[in-house]
Amino acid sequence: MGNPMAKNLMKHGYPLVIYDVFPDACKEFHDAGEQVVSSPADVAEKADRIITMLPTSTNAIEAYSGANGILKKVKKGSLLIDSSTIDPAVSKELAKEVERMGAVFMDAPVSGGVGAARSGNLTFMVGGVEEEFAAAQELLGCMGANVVYCGAVGTGQAAKICNNMLLAITMIGTAETMNLGIRLGLDPKLLAKILNMSSGRCWSSDTYNPVPGVMDGVPSANNYQGGFGTTLMAKDLGLAQDSATSTKSPILLGSQAHQIYRMMCAKGYSKKDFSSVFQYLREEETF
Amino acid sequence: MGNPMAKNLMKHGYPLVIYDVFPDACKEFHDAGEQVVSSPADVAEKADRIITMLPTSTNAIEAYSGANGILKKVKKGSLLIDSSTIDPAVSKELAKEVERMGAVFMDAPVSGGVGAARSGNLTFMVGGVEEEFAAAQELLGCMGANVVYCGAVGTGQAAKICNNMLLAITMIGTAETMNLGIRLGLDPKLLAKILNMSSGRCWSSDTYNPVPGVMDGVPSANNYQGGFGTTLMAKDLGLAQDSATSTKSPILLGSQAHQIYRMMCAKGYSKKDFSSVFQYLREEETF
Amino acid sequence: MGNPMAKNLMKHGYPLVIYDVFPDACKEFHDAGEQVVSSPADVAEKADRIITMLPTSTNAIEAYSGANGILKKVKKGSLLIDSSTIDPAVSKELAKEVERMGAVFMDAPVSGGVGAARSGNLTFMVGGVEEEFAAAQELLGCMGANVVYCGAVGTGQAAKICNNMLLAITMIGTAETMNLGIRLGLDPKLLAKILNMSSGRCWSSDTYNPVPGVMDGVPSANNYQGGFGTTLMAKDLGLAQDSATSTKSPILLGSQAHQIYRMMCAKGYSKKDFSSVFQYLREEETF
Amino acid sequence: MGNPMAKNLMKHGYPLVIYDVFPDACKEFHDAGEQVVSSPADVAEKADRIITMLPTSTNAIEAYSGANGILKKVKKGSLLIDSSTIDPAVSKELAKEVERMGAVFMDAPVSGGVGAARSGNLTFMVGGVEEEFAAAQELLGCMGANVVYCGAVGTGQAAKICNNMLLAITMIGTAETMNLGIRLGLDPKLLAKILNMSSGRCWSSDTYNPVPGVMDGVPSANNYQGGFGTTLMAKDLGLAQDSATSTKSPILLGSQAHQIYRMMCAKGYSKKDFSSVFQYLREEETF
């Protein structure tokens, strides 16, 4: 994800200072004349507006607070924007450490996949001090069509996690419903049409239907390739679960959705689009 | 429900022959000059197009196959339309019995509440022999804005049950998500807005949001009065559960939704709108 | 199951009149000099104490109320004992029909598998009029070590269904717990020992542990062959689900257990022992 | 819990150095001539065998690694035993920090409540280096009847969490089953007897039955007072959930049990014994 995001910043004329744990990932930026450095700390030494994009909470902590992390050399007044999807509690903790160094931290996770990143159509959900939002928006607007201010630090993560939990629930619900209807004798296209004009309508039924043959141009039309992988959904549901446990919020269906995607990862669906839950439920009884 | 439906037929000029187990319910039709008779059999003797509207599968069996049921005096070629929401397996059974008498049976459950019934805006989901659909549509079109042909007998019920199962899942999912987001510090209106422009969007989030203060004109804005009661949702989920069990279809979230609405019925929510699941989840820990 | 049960009656000196839909199943009884007849009605004509053992509610209805069913020729005062595991509501319905013919009906489902049937160690849970229990016990005692009177007609089924629902829940719970403990670094034998001396103890942990290597002489020690099949457990959970739905009893974990065994049937576990849920949960994430 | 544990050490002749965040809690030990100090660091300065007992992971981190924590003044070669029930990942982290100071850390959570603590009948599940187990056992044996070695650091917590997760599942399962059986017409005492001689048997059915009137001397016989509170069970299930999420272990019923106890905390059951889930499920539908 970081690669197409960086390219969109280049297109808007921003000079870059780049670091990635995999040096090969930086090669094309080096060839294009951008600076490539050898640690997050080195980025912080040279830049005062920094965007981080990392796969897990642990990676984010390392990039900020590690031995060669950003905080080792961050300049006062710098704006640090983390676009990783991580635990909101970790975002808040990082924000405190950044503030102690006299800089500003905002969490700004994205929705939309690699395609949206390339075309600059990501949505950013931004949490942090409101006065700094305009500055963040200037940068994020180069990479995303929607930049939404969500509130205090951590609320960007919260919004992302909430959306994806509801998405997982509605997708599994759509898959169960379509499967039940088909077994009761309904034509899948007709059933989708009825749901979509009724109160069962949801994005998973009307825009991303999980049943092969119902819609074109979605992963279910292409053997569940592309799209948003089951492993990634399981990861986001783990974050939702952690947040719900720590805030003592009951999530009966959210928990169940988490367990279902966890099971699917172990059954060969880890790299398929998350709408493949229809296929997972659909497998026929064997005799 | 039967009352406003009958009135809409009157408005379209159809003469009525009416029966209800509660004689008082027939009084205003008698005063308006319509025939009121004393059993379903008597209706069948006088009318060759009959619409039934009953609360349970047991009631429907009684009205058709009981000692004074329609089948006792049904005329050959009659068109019998059952608008009850019942087990599709029962609809199929009734259709067989009706066919043996030389008449035609169609299932045509409705969606939309008493308000939609009054204004003639119900949606009918119709199952039965396709050649008879035009005849059914002529009558049902007097009472509903949408009359959808779903396939063989029982598929009207199947479509209704499927929609309501998905509705229950998306509503509980929306309630869990909104509650989690609020506890994580998000403003409810803002969270609803973000979900509705993202992939978590569903009818329960964008048209019937369960959180008080987010939308006007929905039950959550009126202490969950009016709307579609929790008891009725629990009943429809029981039908979904029965259909899933008999067709061996896995419904992990559907089952859970059934159990949640069943619990709510026992906790004082039976007469509240089904969106009150937000309130049920929201209650604070007491110390 | 019927075969070893009938043999135990023979051993106790009872003359038999036998019917099975598969004539081959009767051959060895014919060779041993017992009467084999060609319908349930024929059995009823010749015998006044009849034991039925059938796989589903539908089969039981056919055997009693079908065109050549027992009720066609049942003698007044006959004692009819149904050892099938079926819906208690069906047992009650059959009891009413039998009573109308002047005979007595009792439900007496069994627990224990084919092995227990052979050795005469079945447990019978009996529902019906208390005054007839002694007569039933005389026969059932030839085939089972425990014959328990449970109350009015249908309570034998209720007891069986309740036990098996709790069994399914404790087995899945044991499997989840053992798997979690192993992943947290515990030795499976040690974990089983700790659970069995603590409050987590259950039959599934101390007598029928689902983890290979923990106990000898159980299906988990033999690749989950033998024992009580996943399909049969899914069937019994379907009966529990139906009973819970019709009595409006919340079964949050029971429903979930039903769905899990339903899923397993479709994933190649249908003929394995139900303790194979450990294997189902255990499969590793693939990359 | 700490109070009766400390008294049992006194009874065995050990001199004590005591600290508690609530000074009043130390008064009776001061009056008895024991040393009371003003921080965990002060305990570490004076004692080389230290037992900690704290309510949450956060409290444990503070007591060891805080500004006045044990690690500030711990002596080389000290044995530190933590009897708190906390996240095994936190136990492992603390063990690393303790090891860096040249001391030894073991996790030794207990099962059994305040009564068992008073009578010296607790069970300790101990994780840590095996060579140090004898030294730990000498101390813990003064307070508990069973001291079980579970393996490497963190496995004591793992065993405790696993047992309590299975306990929660079997208790809810027993409550659902007893409730369903009663609604199907079974006498509760008879149903418990049948389950306890069958494969549904578990500690929750045979030793701690949740249905009032079935057993004496358990919380269900005393309006669910005493015993193990719902809040504590919800806390332990939160730890199980966190461990399952981080190890990617599916816990379908464990998650559901967590959510159910979380809901109960918000519905007025927080201080009742966890077997009150029967009462929670049992409440009747209101009309």
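So that you can tell them apart, the chains are marked A, B, C and D in the order they are listed, and the count of residues begins at 1 in each.
One rule holds for everything that comes next: contacts are C-beta pairs under 8 Å (C-beta built on N, C-alpha and C of every residue); 3 or more make two chains touch, one makes a residue touch a chain.
Just so it is clear, the structure is predicted and the values come from calculations on it, not from any experiment.
Rotating subunit A by 180 degrees superposes its CA atoms on those of subunit B, with the angle stated to the nearest 5. For the pair subunit C and subunit D, the fraction of shared interface numbers is greater than half, so the two copies use mostly the same residues to meet. Chain geometry summary: the mean Cα position of subunit C and that of subunit D are 38 Å apart. Separating the centre of subunit A from that of subunit C, both taken as means of CA atoms, is a distance of 49 Å.
For subunit D, the set of residues that touch two or more other chains comprises 248-252, 256, 263, 265-266, 281, 285. Judged by the touch criterion defined above, the protein chains are all mutually in contact, each touching every other. For subunit C in complex with subunit B, the residues that touch the partner chain are 234, 238, 241-242, 245, 248-252, 255-256, 258-259, 262-263, 265-266. Every residue of subunit B that touches subunit D in the complex is listed here, in rising order: 256, 263, 265-268, 270, 281, 283-287.
If you check the complex, the residues on subunit C that touch subunit D are 88, 111, 123, 125, 146, 148, 150-152, 154-155, 158-159, 161-167, 169-170, 172-174, 176-181, 183-187, 190-191, 194-195, 197-205, 207-208, 240, 243-244, 247-254, 256-257, 260, 281, 285.
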